[in-house]
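Look for chain A in each of the two complexes below; its partner is chain B in the first and chain C in the second.
Entry: the complex of A and B
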């Protein structure tokens, strides 16, 4: 073990997060296999399914969701949850609509909506990070509260008639088949992947998600990090709200209702642990494509929305269940080994060391 | 007492041995407990008391030896078996269900009362049990509102309701006031009258001498002696407890400490410790000795800003400083390695390299906050070589390493912050002999390089061998600082048990006298 030659330079791009990647490789492989299967299945039933434009179309129809997925991945890996995102989306969309209707220039209305997202995120951050309440409860209150606020502004009306440039953001192709908003998503996707896997901030998200206590005992500013996660989530959710207002061209009190569940589903199905500290952007991206194509396929097969929900719910249960069952089984095996006298251990456990060097050398 | 009487002991252990990894926790221990006897178990930290209790309560299975109940070989394979055989244990921190009522807590372990809860019957039975103990508790009240002492009483009641024959009390008095201790002792006496065998574990000598009929001393997993109370003195008990073999202990390179780096004066934190004062010089190792519950770790946590001190002064290089958070401590060059590697020291699924760079991550960030992975890896390799960390790769997750190597990763992580003051909390607990020697050598090297080191350790020979001076604590108070020449195991243990200061409070002595009269 100690005679390992100086680790090759290749290990440079394998940070802690990348080490996690190695662990989760099987899950991501599974997702990729599933994706290929679903796409092929769909392609056999619909001609032209494999046209890249079809995939872009799928992304376009869900762009406001998948952009929030990026932020949600950080929140969940950081060991928290944000249930209020869909309501923040609605709040932002409603603000734009009612401000514009009241005579505010659209540009200003968009900025105010984004600012409202920041404030909503700050509010969540205060109760979770500073006061220390569970994010499940705080953001559940946010889910109800922000939605209520949105409905106060718009009541039971539907507001539309936005300026052309605003709706063009999500509708008009500017680069090849891509709209400005989809370009923004792709940029944010790269930023998110870099931020999560290659920066000190991303590293800290994993550390805090794994163990608040270890983070605290290591001098990590846990409060600040958690606050940052919720502010980020609030802001990106507001951005999602801007996009949905643009794409639909009209806003109602029920806009984006229930989206939080789709968003969280995609993140968890991507292999992000609901307990925090584990998951990768690659998994999340694959999960986006699997779920969008699956839904599309089910729709093509003339299955109703309820059946679609059922299938996706089943997948979600499996995605949470399978890794946990594996972990439980592994833990039980280890405990049995531990009882046989490996309690304090001498030297590295060969069984595990081998499996690790096996993946590390790959 | 009943020495030599032909009575069969209620529980008898014969030649019980248990090994955990490289540690022989128990080696051929025999112990007999008779009904109506209060038997004290003494031994310093790690002597094997906890393991013995675990064997008796079915938590741990012995490798060799047998347990006999009423003279017949019994197997205690689980906590449930122990309960069926009438063996119960209560601990310093009672294990109650805070939201259940007093009566419900008393009967929580009963499985033979049918499918439904008969509230009135339960209340009546609970009242009966509590009456036997001579205590009054509101039966409908949720257990949450009870004081610690009352919760303990509740645990005893719980044991009694199960027709307990052997009651193990592990440091039951550690968190009780003097008044509560008296009441507890009355209950214990009542149990003895009722024919229960009580195994009483306490670090407070005066309590042991007050209440015990017989005393057994354990050391290094072996039984050193069992004797009636009258034949044991505090001095002889301490002599039996220490004298652990000094095998293979590292010998410090003699060095002359430099300037005072850290000055601590009257440091205090409510309910944890008070009046802690010491100077720490560059190149000096100051040992922190004490028994479990001495609150040494709390002092370490205060100096590291996790649970900041509320009173007193701390000065670094002569300048007063305030430490309110770990970030403060890090900035001032104070590092703390926790005794709980798994829960507090390491991000287990993360790589060795990421763990090492964690507290000093800012140094490894390039433009845009990008981690410089090559620098990080180079640092990790340097520590791997220097501390001889045995790992397949520095990218292997920390959880794949053995305890000793994990401890070295924890050390690396903090050394890499280039601290001036290094607080080591139980740095060798639960690690194998080789890793232990490496850690000792490391401590010596660091001291020679001028680092100021606080070594919190429950391993007496280690403290004696590694420290220039030893600060002894007892129940949150500083009992004194012993120079290297004075710091023998016996003196440290005597101070840790409060024997240097007072031979025992007068009320305890008189109480012991009267009780002795009744008992004989």
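Entry: the complex of A and C
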């Protein structure tokens, strides 16, 4: 499918630079268009959508997820996956609750919970990066294990009654309409974008994601990088756990159950290749806003859970189908038209293209 | 070369940030005190101690033993309280929010709510919305959070999120939305105006003990419990209530020999029911306080031809139990009417939303066809107010068919 028509070798370098622009024209462009459409539709036909309170609610309701999305983007671009994030969120939330209930000061409980997230990440990192087991298996075990641990702590209880300052983190506006947690999200969003696209670390993530072997031959410390990805993911997931405990004001063993799928979905919808090495933070950010705005519009329009799920599912299926169809169609056209259009290079499909190209060689 | 990338990345990020920061602070409008006592109780026909019993006593003729503890609101009326009646035609936007969509009891509750909606001629909307079962907790929180934005006046919720809904409900309240729970309350009562309780949860022990005694007769015998999951808070409370009731000398002849769990799954409950019979040769009754368990157990006894030996009882839906009741496998079971629960919930919410009642202890009101009710402290929780519907309805061969249709 991804039969790159023999692009002139000379233009490859230029192609790398143009790659991002081309992608903006394709996937990110598509997302941006979609976002504009959804926002326009919501603004004109859904009453209450433009209410500032709603704009804040829209983010607040998903803040834990979208913070973890930022870390997950790194993990997936790095060629791995972390299925354990939601369970780490639960573990952190449960730890906070049960420690606080047991008399530990809240500040300390939060630190311990974040530390537990680091440990969980280290554990994942050890088995994936050092031992070399597939991350799918390792983090699947984590998904079950950390959740089990969380349930052990809390059993079938609900612990709440947290101090006011703790619930205020997600509720009280500190800057304009933004709560501390939303500010944190926006800061992390900038950090993530800079880290991925403007630093050596970010470039290394792409290299490793594209090909572990190539990365190793070119002197990249693959083990260390992968370990860093999982530790980061564990820590951010624990942070998400802190936020959900704060937002809900009570914690149960089932807290954050199933979040991992939503999180991974948002990342993939943002144009990140499940095979690693491809995708941009802009795409991921656009994806976050597309999905949150779509959900919000559907919810305000009083569509039930089933309908919402259906509409979003349909969108995701289309998001996989359309680019592939375009890529296939374009490939055929180009083959038929000879090499006339070879200069345009990259197909629009961000996922299925060949493994080593573009940003990787940068 | 990479300056392009940098520029674009930064621009995008900055524009998103700017967009997010631009919206002005959302100031929650404090709920304006509704004009409360302005509603003169137009009809002073205060039937003070009228039975709130929704069900015209269609009790089994055999033994009327099944109502003692479920004599709810009739003892509550505080002296001199006037009974508020609703003034139809006022506009309210109402949300009926079940735990999730797609099961019969909630549809029945909606039926009852629609009946009251039409009766009260509310020109506003009654929306029956809910999450999917998998997303029940987060979905409910989302619906409650969005309620003020959507200009709802009242949210009627069968809470499945425990205390996790409290913060969202409190925020909705601050924005002027009334929050009425039904079927399942907010445990801490945070953010909740009233809870419409289907039955007195403590009375379920008496009802189950009575049914067991009824089925086994005076000589009594062994019985066992087939519950939902070991974690189910409701069922555990009910079983505890039953165990307490069994201390009463009246029930000395009853011996509870085992408690097993089918996790509200048909297959598992079916297997557990058969295992009970194997392990306890003298078993006479399987008592299942869950609609899934009771139907599965009855089917198991029927399939294995054990109905003469072991009877099934507990909490069940008439439509699912009608065959087993008529063929004698499950001669008696109990439940409340979800249609009535929906009706009463809507009626109470309408009164609360229009300001006819304020939702304070001691208030009395008339709820259409169901009679007079009162607001009281909820004795089953540390905090919170409830309106008790009660009592149980016990089904047997004489009345199951009409209800099942």
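A few comments on the model shown:
Quick note on the criterion: the second predicted complex is superposed on the first by the 287 of 362 C-alpha atoms of A that agree within 3 Å, B and C clash if a C-alpha of one lies under 4 Å from a C-alpha of the other, contacts with A are read in each partner's own complex, and residues count from 1 in each chain.
Going forward, a residue touches a chain if its C-beta (ideal position, glycine included) is under 8 Å from a C-beta of that chain, and two chains touch if they have at least 3 such contacts.
Note that the coordinates shown come from a computational prediction; the quantities given were computed from them, not determined experimentally.
When the two complexes are overlaid on their common chain A, residue A:175 makes contact with chain C while staying clear of chain B. By the touch criterion defined above, A:218 lies against chain B but remains apart from chain C after alignment on the C-alpha atoms of chain A.
In the superposition on chain A, contact of A:277 is made with chain B only, not with chain C.
In the superposition on chain A, contact is made by A:302 with chain C only, not with chain B. Of the two partner chains placed by superposition, only chain C is touched by A:61; chain B is not.
By the touch criterion stated above, A:247 is placed in contact with chain C alone, chain B being left untouched.
By the touch criterion defined above, A:132 lies against neither chain B nor chain C after alignment on the C-alpha atoms of chain A. Of the two partner chains, chain B and chain C are each touched by A:198.
Residue overlap on chain A between its contacts with chain B in one complex and with chain C in the other: 20, 194, 198. Contact residues of chain A toward chain C in the complex are 17, 20-21, 24, 47-49, 51-57, 59-61, 155-156, 158, 160-161, 167, 171, 173, 175-178, 182, 186, 189-190, 193-194, 197-198, 247-252, 254-255, 257-258, 280-282, 285, 289, 296, 299-300, 302-306, 309, 362. Listed in rising order, the residues of chain C touching chain A in the complex are 1-2, 4-6, 8-10, 12-13, 16-17, 20-21, 23-26, 28, 100-102, 127, 129-132, 134-135, 137, 139, 141-143, 145-146, 148-151, 162-164, 166-167, 171, 175, 187-188, 190, 230-231, 233.
On the side of chain A, the complex with chain B involves touching residues 1-2, 4, 6-7, 9, 11-16, 18-20, 23, 194, 198-201, 203-204, 206-207, 210-211, 213-214, 216-221, 277-278, 341-349, 352-354, 356-357, 360. Those residues of chain B whose C-beta lies close enough to touch chain A in the complex are 19-23, 306, 326-327, 329-330, 336, 338, 343-351, 353-355, 358-359, 361-362, 364-365, 368-371, 373-374, 376-377, 381, 384, 388, 390-397, 400-405, 413, 430-432, 434.
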